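First subunit A sits with subunit B, and in the next complex the same chain sits with subunit C.
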Partner chain A sequence: MRAGWLRALLVVLGVAALFAIPKVTGNEYVLALGVSFATFSVLSGGLNLVYGYTGLLSFAQVGFFGIGGYTAALLVTEQGWSLWAGAAAGGVLAALVGLVIGYSSLRLSRHAFAIVSLSFALLCVIVALEWVSLTRGAMGIPGLPIPTLSLPGGLRWRLGRPADFYYLLLGFAVVAHAVIYLVVTSRLGRAMRAIKLNEPLAQSQGVNPLSYKLLAIALSALLAGTVGGLFVFYLTIVDPSIFDFYYTETMLIMVIIGGPGSFWGVLGSSAVLAALPDLLRFTTDLRMVLYGAVLIAAMLLFPGGVGGWLQRRRRARWRRPGVTAP
Partner chain B sequence: MDLSFYIQLLLNGIVIGVIYALVAMGLSLIFGVLEIVNFAHGEFYMLGAMLAYFLSMNVGLGYWPTVLVVTAVAVALGYVLYEALLGSLRAQSFERSILLTLGLSMVLQNGAVFLFTTTPRMMQTPYSYRNIILGDVRVSVMRLFALGLGLLAFGALYLILYRTRVGRAMRGAAQNREAALMVGIDPRAVSRLAVAIGIGLSGLAGAALAPVYAVHPLMGFSFVFKAFAIIIIGGLGNISGAALAAVALGILESVAGGFLPLVMADALAFIAMIVILLLRPQGLFGRGVRV
Partner chain C sequence: MTAALLQVRGLTKRYLGLTAVDDVSYEVEAGSVVGLIGPNGSGKSTIVDCLSGFQPADGGRWSLDGHELTGLSPHRIARAAMTRTFQTVRAYDELTLLDNLCVAAQESDGVGWLQALGRGSRLRGAERAAEARGRDLLATVGLADYAGAPAGILSYGQRKLLAIAASMMARPRLVVLDEPVAGVNPTMIRRIEQVIHQLNAEGVTLIIVEHNVDFIMALCRRVIVLDAGRKIADGPPALIRSDPRVLAAYLGQRGAAELGHGRR
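Our next item is the complex of A and B:
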């Protein structure tokens, strides 16, 4: 009980510290890293829900991210929707697409799901490039306007400064992680973990695997699509590079290094690795080679990631004589 | 639109379909025997095409020796790939195998971009620009060679799988791993050979298409995406199903490309895959769903 309170206090303090950063420093580079962390942590958190907890390797996250971005950008610029509505619509559309992909491929196997999700991500690039009348092809949609959000109480918030987007994306990330945390620590999360560990056994206990898998996919797609809708207004442009495989690769590395199925591990690795693209800027060409090598090494040497390693250590401590498990 | 236009489209479709089949059959063979989806498969197609380009343009090797050397190198690469990376994976580590081969794909693809840039190159051979004209139909010799090489590889693969002991062992391992183990089939030897053949086919496909389409480091990535769709349509692990689905997709794409916007032709593979998954999850030629 005491440990729980301590942890809650630490989380509240950590979030408060993150929100206080723009007050302490107006450094745009720090804020850009913060935006990158908030965005990637939502993407990797969603991937962790699908892959780490439910055991479905998905390459579709980047597709949901981009679908959300395109939907929000088009609805705001051409239909005059507000940013809230546009981003929410992007998230909902991404979730619907996720359900179609998940339902059609999961009836076969999780192997098929992995393959179909990759094909889907690649298809998104093709559609964004070739469906010129909707997406304007390789040019993309540049010059997205500075959005103004209406807040409860009749306030209007114009997102003109870098700090505004930092607040917005960090706020959304906090909400997203709270949702993910609630899911994985609840009955739902236990059912998902059971499906990952032993699907026939989970089924024999009355768990319907397909509905939990679809829930995980839809929720992660909803979060990825919404964050995509918000993120493109920070970039002020959406073009086919939003579907770049680089996003997939970064998300995967974050989940693998952090430890699939470890909430805090993946959150921590997102924070550390969000800074990595900038640290590796001196080798832009070789960055992806390096990522690939890291992936190979991680798969051969420590497939459980940091989270898995910590868990093994904790279990080893429990097994020692004279120490009782808390 | 006259008849010769259709025949032209059909012929082009068959050629590209046969090359799709080479890549997809290798992918299917590796999946059937090792239960590994090789995400780096397209990169070996790319490496085959790049190697063919350099052998013929920089070393000055003739067309046929180039094809032979590239295929031999690809088979050797397959052995190395199995010994270095895939051999250490256990069964039941499906996700690990995907991430491992995905990492390999990133290294190969981006390494090639780093070394050779993304500029497309065209491989010239003594036979380039030569056409065979039959009535109104005009076919380039290089396409016919690619078709011939593909059919030759089909025949060779068929003979290996159905007429040799080791081929029977491979099919046995693909049907039932435990039973194959029990009758004394060495799973490592069979797996090693399956990977070598699969990568060899991929390299051969690259060499065969290098003079027909432009060669660049990103070519494998979009190609393997179609190969994935093909093996799902044909039934996971079903090699002849993959071959049939590949030729059918090649023809469909070519004909669709003549009438529909480009985006439709490229999306066709994906749409076909989703439709097949919804209507017949085991694939067109699958016997039943393996769970």
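Our next item is the complex of A and C:
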């Protein structure tokens, strides 16, 4: 119980420290790193739910991210929706698309889902490029306006400064991770892990794998779509590069290094890896070489990710001779 | 006569040209322990897979306590109070023993997803009940000391015991144990035998599929014998031991003739 309170206190302090950063430094570069961390951590957190907890390798996250971005951009610029409503609509649309992809492919196998999710991500780029009347093709939708959000109590918040987007995305990331944490620490998360670890056994115990898989996919798509809707207004443009493989690659690295199925491991690796390519900027020529070296070293030291390493240490306790229940 | 708990009528399963299970019918009375034996490839495991919904049957119907189970998916059959274990012993290696058991109870306690997320009193009550039952079952199978350990540290025989405990978690009416003692040492076999007796005494009906004929003959008062997908004998162990068709199935026609009607 005391460990639980200590952890809660650390989390509150950590979040407070992150929110205090703009007060300490107005450095736009630091804030940009923060925005990048907040955004990627939501994407990797969602991927961790789908892949790390439920065992479904998914390449579709970037598609949900981009669908959210395009939906929010179009609804705000052409229909006059607020950013709140546009981003939420982007998240809901992404979740619906996720349910369609999941329901159609998971009836076959989890490999089918991996392949369909990859095809879906590639298809998104083609649609964004070719459906010119909706997406304006390769040009994308530039010059997204500075949004003004209405807050409870009649306040209006104009997102004019870099710090504003930092607050917005960090705030959303906190909410998103709270939701993910609530799910993975509940018995829903336990059932998801059971499905990943041994699906036939779970079925034989009355667990319906399809419903839990669809829950994980829909929730991760909802979060990815919503954060996509917010992020494009920070970029002030949405174009087909929002579906770039770079996003998929980064999310996957974050989850694999952090340890699939480890909430804190993936959150921590998201923070480190969001900053790492920039921390290595002191040497322009060797930057990406060093980044690669760090990734390889991490994989050699922690084959199951940081979370897997912690899990193994916990397990070793039970293997020591003479030790039974504590 | 009371109606049987499990009724199987004309179960048939074909793989391309081969008929693995050929028009098998039987009934299992509530409270009994029935053995299902047969030589390799006689269709024992196929029957288990069909009855539990893991493989679609090509013909036949089966019901538990009057509820039709034919064609249902595995999780629905499990929720209908018929559970099973697997020949290749299965466990959630990264979950604790207690969590291994609690997963097996959570789909049948009527607590919905939103209640599970809200963590209200309904969920807490259900989880407390599951934990209590889980600890009882771990004590029954002799694994109580490891309740908080991950299942991955268990030995093969201990994993078999854990699987049996998990199959009992949701208070099923009928449990099918698929080769519970295959590859297990004699001490552990006696332990599994005791556990089966104890669970049966608590009112669980069991079907035990085994290669180990001595184990089945000692444990069950009724044995069904399969050969090449057909039911060739059904009765008490004494009768089965001397049935010429059973001897022929296990030893071949000539072997059975040479042995006379002696014990195996």
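As a convention for this text, the second predicted complex is superposed on the first by the 292 of 326 C-alpha atoms of A that agree within 3 Å, B and C clash if a C-alpha of one lies under 4 Å from a C-alpha of the other, contacts with A are read in each partner's own complex, and residues count from 1 in each chain.
As a working rule, a contact is a pair of C-beta atoms (placed from the backbone, for glycine too) under 8 Å apart; a residue touches a chain by one contact, two chains touch by 3 or more.
All figures in this text were calculated on a predicted structure; none of them were measured in a lab.
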item: Which of subunit B and subunit C A:I126 touches, first, second, both or neither; value: first
item: Partner chain in contact with A:A194 - subunit B first, subunit C second, else both or neither; value: second
item: Touching partner for A:A202 - first (subunit B), second (subunit C), both, neither; value: second
item: First, second, both or neither for A:I256, with subunit B first and subunit C second; value: first
item: Dominant contact partner of subunit A by residue count, subunit C or subunit B; value: B
item: Partner chain(s) touched by A:F172 [first = subunit B, second = subunit C, both, neither]; value: neither
item: Contacts of A:Y53 with subunit B and subunit C, given as first, second, both or neither; value: neither
item: Contact footprint of subunit A on subunit C as seen in their complex; value: 52, 54, 73-75, 78-79, 83-86, 90-95, 99, 102-104, 106-108, 113, 116-117, 119, 123, 127, 144-150, 152-153, 166-167, 169-170
item: Contact set on subunit B toward subunit A in their complex; value: 37, 39, 85, 88, 93-96, 98-100, 102-107, 109-111, 113-114, 221-222, 225, 228-229, 231-232, 236, 261-263, 266-267, 269-270, 273-274, 277-278, 281-282, 289-291
item: Subunit C-touching residues of subunit A, taken from the complex the two chains share; value: 182-183, 186-188, 190-191, 193-194, 197-198, 200-209, 215, 261, 311, 314-315, 318-319, 324-326
item: Residues on subunit A engaged by subunit B in the complex (per definition of touch); value: 51, 55, 57, 100-101, 104-105, 107-112, 114-116, 118-120, 122-123, 126-127, 130-131, 249, 252, 256, 285-289, 291-296, 298-300, 303
